[in-house]
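Below is one structure, written out as structure tokens; comments come after it.
Read from first to last, the chains carry the letters A, B and C; within each, the first residue is number 1.
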Amino acid sequence: MSDDINDIKYAIEAKGLSKSFGGLFALKGIDLSINEGECVALFGPNGAGKTTLIKVLTTLSRPANGKVLIAGEDIKKNAVAVRRRIGVVSHQTFLYDNLTAYENLKFYGKMYDVPDLEQRIVDVITKVGLESRLRDRVGIFSRGMQQRLSIARAILHDPPIMLLDEPETGLDEQARSTLSELLKTLVAGNRTVLLTTHNLEWGFALADRLAILVKGKIVYEDSKQSLDMTTFRETYNRCVGARS
Amino acid sequence: MKIRGSLRNNTLLGLGFALMMISLYLMFIYVPTEKGMGIIQRIFYFHVPLAWVAFLAFFVVFITSILYLWKRDTKWDTLAHASAEIGVVFTTLVLITGPIWARPEWGSWWTWDARLTSSLILWLTYIAYLLVRSFAEEEEKGARFAAVIGIVGFINVPIVYLSVNLWRTQHPPELVSDLEGSMLLTLLVSITTFTILYCLLIMRNVSLKSGIAEVKRLRGLLEE
Amino acid sequence: MINYLGKVMTIFFKDLLSEFRTKAVASSVLLFAILVIIIFNFAFESDSDTIGLVAPGVLWVTFTFAGVLSMNRTFVVEKEKGCLEGLMLCPVSRDVLYWGKMISSLVLMLIIEAVVFPIFLILFDLPLWMPRLAIVALLGTLGFASVGTLFSALAANTKARDMALPIIFFPVVVPVIIAAVKATDLILNSGTWHEMSSWLEILIAFDVIFLVVSALVFEFVIEE
């Protein structure tokens, strides 16, 4: 396990990644490279394999073939080291309803060996604007507040890489824009972000680079500079429509 | 390759058929009726080979389950699944032939003796093994879960046997040592026959399962 | 090593705190256990002559049912907000999660038993001070928790959830039930340590084997 990540080119690098069972492929030869500090949005319809891809990248699921390096660590050989370097926000919060915000953060902080934990908890809870609710049970929080706390949980151990799996699902308009603001500050903090969503406008606004996943394959990938939203929507519809 | 494969299949099939005929002859005509137990003792030449094959089948499940979890190659899972199905069928037959023998011998269909109880537990474990596949949301998960049960269930067999044995036992001990020559011969031929039958069945079952997987794959391709 | 144990205990304390907040599992399982004992009391019409015969069985059937109920909950809770994924994302090996959840289940069940035991002894009019029974209960419960944790994680990952656990759990824990019932029987009917020893050996063997095996294969049942 090397802690020296300076000489590594990509924060996330997947080559020929596939996941299959008995001839049915969920992911078919994914090649994806994400630079350090870059924010990539991955779009795709339901069942395209977005969640499967995130689960493989976060070591929750084992790929059938291919190689993945996260911050230079192989996800198969060095899963624990990979987990230390990633923060994950999903449409589920990973928070315990019966515990308070503080207890949830303290639990995860201990699991990640976060140094100076008490101070760190105060820092992250302030970042997501929930400092007044620290001693309240998570169960009584609104969906939006829970998702903000979930972000606090994900950045608790200060991971250089964030993976966000449809984090906006189930949030109302206001909570979604708060989430955008939060994510922008995260990206500004020089973190690498991979974001999956099926909300085109929302993801488009956040990302530096865009990719479209359809039926387990990345069918489109481009940086945002050359695009506006209308063109991208057309591209998306063509990619999804042509293959379904 | 295909032709050679089917030739090998047919050779095995022919051999199995011939041996089955010989076994039946040995069991019902050649071998003398056992004095103490009478005609019912002849079921022994079915019962013991069936139990042997069932155990063999579950041992194959155990080994292939470990290989599947280790290598994650679906061929091991297919083999494990096929073997478990055959094992359950044979255990069912063991559990049927056993009481038929037991009723005239012990005066009751069922006793909670070590071997009977272990067989029953084994049977239930592998039914759970087969069921758990349909419980899982994805095939791959079902395969993994089944493999775990295939391993845990098999490791449990000696412990179950030991504990039930200590609890109570009525089953006749292995008779092989004091079997008469003709009886031993019949038993050995019968065991060989049923082992070949197992090999035949597992080959058929594996190719059936591979066929199903192939159809699924092609259907997946068609849908794209 | 200390870090490893620290993580295990962190998970355990989290579960304990969460359960302490609501007492939802403990209170409902407790009530369930007492109801089962009462129903058995009617079913067997136990008077002073038969108590020695039925009491060990009643006690362990109660613990088995209560155990399934409470262990089902330990992973259903983790699934509710995707917390199991949160746990799996922590930079620890999968067996840390197994030991943490296993200790949680074990301690929760022991707490429930600590309350059910005296009630059982009073209702069946048995002597209250039986330290040997505590040893048997500890070993038996450890056996339940060892495979129970593995299989409840498996069951929580299936569609069937509540149905899946008993189907795969019961066949495997048969040796624990037999050994625990027999040992309890000996204690209630003033058997000696010597008579009990082989049953305790089976319990210990089961505990050790299945703690190790379950910790090894646990990663395969929680993997996505």
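Just so we're on the same page, a contact is a pair of C-beta atoms (placed from the backbone, for glycine too) under 8 Å apart; a residue touches a chain by one contact, two chains touch by 3 or more.
Since the structure is predicted, the reported quantities are computational estimates derived from the model, not experimental observations.
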Chain pair with more C-beta contacts, A-B versus B-C: B-C
Chain at the geometric heart of the assembly (C-alpha centres): C
Chain centre separation in whole Å, for chain C relative to chain A (CA means): 38
Chain B and chain C, separation of their C-alpha mean positions in angstrom: 32
Cα-centroid distance, chain A relative to chain B, in whole angstrom: 48
Multi-chain contact sites of chain C, meaning residues that touch two or more partners: 223
Residues of chain A whose C-beta touches two or more other chains: 62
Multi-partner residues of chain B (each touching 2 or more other chains): none
Chain B to chain A touching residues, read off their complex: 72, 74, 138-140, 143, 213-214, 216-217, 220, 224
Chain C residues within the chain B interface of the complex: 147, 150, 154, 157-160, 163-164, 167-168, 170-172, 174-175, 178-179, 182, 198-199, 202, 205-206, 209-210, 213-214, 217, 220-221, 223
Of chain A, residues touching chain B in the complex: 21-25, 62, 64, 215, 243
In the complex with chain C, residue positions of chain A that touch it: 55, 58-62, 80-81, 83-84, 86, 88, 90, 92-99, 103, 107-108, 110-113, 137, 153
Chain A partner contacts - residues on chain C that touch it in the complex: 3, 6-7, 10-11, 14, 17-18, 21-22, 77, 80-83, 85-93, 223-224
